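One chain, subunit A, appears in both complexes that follow, with subunit B as partner in the first and subunit C in the second.
This part shows the complex of A and B:
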């Protein structure tokens, strides 16, 4: 499998009469986008822009999606949602790099996260650095939360697909190329290199905690094998935003940094044989079955090493440790990527589960750290959410419009794909 | 600008009242610096001064811990300190525990920062590291010359509200607090680097050491104790008179294996303790109190146990690192097994 990614650098976003890219500016035709995303389940959909450096706060954020367009090869982006369930991951895909669609809407009581386009909060979210088209979705009273969630999720994918059409006529600034050999070819080509896979844990705990693979709710999958290039075409999408700091948005899935960084060492220090996706269901039997299958697949691939990334915290800590210990017991050298809930003072035990075999851990930071986000000139979404978002607390929202919250409330702050530089040390 | 106010807590020995015989004195307060406080005067310079020194006997503190804490905190509070220094206690266990307990009470009740100094293996460091910046010192008072300037420097940094570096940078014992910071490289890159190092057998540093407790499942009961060969192993430091292997009185770097063939009773002429962490008088008078050879010989004679193993093993458990203790245990256990020992009585102090 071979995928070429054509990067079109977007440095600004503006509304215009036509959706197009010109000299790095993404022009958005409002009517065109609104027509593309229309959903009879929602009462009102409106569009806003949020750019880096602006005094703008977005909350509560549901998903962030990077516009991509498949121009050559099998299938189309977001298979199972926007396109048919053809296999993706080969051919040519264009990327509007630096732009994103952000969806927001109050779906359940506890929902989040926050993206600040400037100020101290902007250091914690990768999306503060993007040129965002923000879609505010309102639902009629009585619409079930599941319907509401599904509608808002689709709005995001549709809007991203609509913007991505503009890529077709745009000039590509740079190319990236990713190649994935089948097992036999890979072994023949790199017989001396250690065989490494990426174990990609997907959050699957129910409403606002779900992830989809080719349109399938990942709660219902058994762990399976994928090519790393499939993610780059949107084979995995997010339905997931509660405790936003360590949930993978669709943007994260499209730009999984572990996949990128493994590719960088591929053929030099290791042979990157593929991705095992697994889930994080809530029952013990599910956890045991999925970790057993993960270990079995790893064994069948004859792995020497693996990186396991977690999504979320608490209950999934058990899945993480099960995956890690079962791999280590097979002699597969394993590194896990997680984040911490060490309390606001940093003095508590960070994970809900632990094992001495988990001796190589990368952390995305302590999500309980408290931060005060100053008032912004403009708030897109619903400020009142500040008191009831995860990481917020009674009185989080001050009279002056500032918000005091744990960084848990900031979208992507302690991401467990290692997307950020934030980490933790012991003092 | 007026000088920062510092109160200093020390024990009877450093308070120049007396040694072990004065360890039972209750807390008292003196104006200005005393003993090591004079050295701190130089380290703190013009910016801060020790306004009072609280002196308490180590035994009195240990035996009256609640009253001791309350009294000491009250004395400290009366002097309205900006910062409290305790110790340094080096590797003195009771003194370190007192320094730590004072730090806990002061930081919790008065919300005043505390600087202390201890040898990393001092039990007070592990117990109370969260409540003070404990500067890592040598294991005895000879390290005072190094400890005081380091503690003074850290004290001034805290008093000035300067940002604190890592334990390694600043020389204090980690408080076990997780602090966020932005690293040079993103997490994914760090994870791939870590994996490559792990695959190649190279050194790497986990970013979150897993909390680990070495839990040992008890073996099933000995089936027939009247047939069992029983060995004695102690961390109470019982050694043949003269301590032939020179086992250290604290942080032991070795253990000894001693023949007790034909020995029915340990006497002041034959055995003593090498342990420096408890009152040795009673153990030296009758070492059977720590290593019950006499009782086991009787049981052996009565046929209540099979036999007492010919050798016993001894080390000093005072401040000994867990890693060392584990290594001794592994070696001793292997020998006991190959000698056909069925059961072991472990005694401490």
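This part shows the complex of A and C:
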């Protein structure tokens, strides 16, 4: 499998009479996007822009999505949602790099996030550096949370697909190429290199914590093998509108840095064998079954090493530890990537579960740290949500418009793929 | 004390000594997929098991499986 990614660098976003890219500016035709995303379940959909450095706060953020367009090869981006369920991950895909769609509006559930485009909060979210088309979706009273989430989720994918059409006529600034060898080819080509796979844990607790793979609700899957290039075409998307700091937005799934880094080392000091996707379900039997299957697949692949990333926190710590210990017991050296809830002073136990075999850990930071986000000139979405997002508390929103919250309220702050700059250290 | 919980490994990690496994994280002591009478029986079974655990002497951590 071979995938070429054509990067089109977007340095600004503006509304215009047609949706197009010109000299790095993404022009957005409002009417065209609104027509593309129309959903009768929602009462109102409106569009706003949010650019790096502006005094703008977006909350409550549900998803962030990078516009991508497949121009050659099998299938289309976001299979199972925007395109048919053809296999993706090969051919050529164009990326509007530096642009994103952000969905917001009335709150669906506890734990949605904040993105500040400037000020101290901006340093905690990678999405403050993007040129964002923000879609504000209002739901009627009485719409169930699940319908609300599903509607807003589809609006995001559709908007991204609509913007991505503009890539077809744009000049490609740079190319990246990713090749995934089958097991036999990989073994033959790199017989001396350690065989390493990535175990990609997907949040699937239900109750608005869901992830979809080719349109399938991942809580219903058994762990399976995927080519790393499939993620780059949107085979995995987020239906997880909660747990802001450490959930994987669709943007993260498209740009997974663990996959990117493993590719950089592939053929040099390791053989990147592939990706095992697994879930984080809500019964003990599910957790045991999924971690058993993960370990079995790893064993069948003859791995020497594995990297396991978590999504979310709390009971998924058990999935993480089960995956890690079962791999270690097979003799597969395992590194886990997580974040921490170590209390505001950092003195508490960081994870709900632990094991001595989990002796190599990368952490994305302590989500309980408190920050005050000063007032912004403009708020897109719904400020009142501040008191009911995770990490917020009654009185989070002060009269002057500032918000005092734990950083768990900031979208992407302690991401467990290493998609941000935070970590922790022992003192 | 008895700890009734779904994710037994966490209960073991935090040091509970009498552990009764339950149904699922969103509904530890019930199962919305069951008919009312069956769910009531399930709930009674779990509470009875917890009372049994509470009246059992333990030496260290013990998980009260079926």
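Please note the rule applied: the second predicted complex is superposed on the first by the 423 of 427 C-alpha atoms of A that agree within 3 Å, B and C clash if a C-alpha of one lies under 4 Å from a C-alpha of the other, contacts with A are read in each partner's own complex, and residues count from 1 in each chain.
Everything that follows uses one rule, which is that a residue touches a chain if its C-beta (ideal position, glycine included) is under 8 Å from a C-beta of that chain, and two chains touch if they have at least 3 such contacts.
Everything numeric in this text was worked out from a predicted model, so none of it was measured.
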| item | value |
| --- | --- |
| Clash or fit, subunit B versus subunit C on superposed subunit A | fit |
| Superposition-derived angle with apex at the Cα centre of subunit A and sides reaching subunit B and subunit C, degrees in steps of 10 | 60 |
| First (subunit B), second (subunit C), both or neither touched by A:296 | neither |
| Contacts of A:264 with subunit B and subunit C, given as first, second, both or neither | first |
| Which of subunit B and subunit C A:352 touches, first, second, both or neither | second |
| Touching partner for A:307 - first (subunit B), second (subunit C), both, neither | first |
| Partner chain in contact with A:340 - subunit B first, subunit C second, else both or neither | first |
| Touching partner for A:30 - first (subunit B), second (subunit C), both, neither | neither |
| Touching partner for A:425 - first (subunit B), second (subunit C), both, neither | first |
| Touched partner set for A:317, first subunit B, second subunit C, both or neither | second |
| Closest Cα approach, subunit C to subunit B, once both complexes are overlaid on chain A (Å) | 9 |
| Common interface positions of subunit A, toward subunit B and toward subunit C | 354 |
| Residue ranges of subunit C touching subunit A (in the complex, touch as defined) | 6-10, 13-14, 21, 23-26 |
| Subunit A to subunit B touching residues, read off their complex | 123, 194, 196, 257-258, 260-262, 264-265, 269-270, 304-307, 309, 333, 335, 337-338, 340, 342, 345-347, 349-351, 354-356, 358-366, 369, 407, 415-427 |
| Contacting residues of subunit B [partner subunit A, same complex] | 130, 164, 166-167, 174-192, 194-196, 198-199, 204, 206-208, 210-212 |
| Subunit C contact footprint on subunit A (complex, rising order) | 205-207, 282-284, 287, 315, 317-318, 321-322, 352-354 |
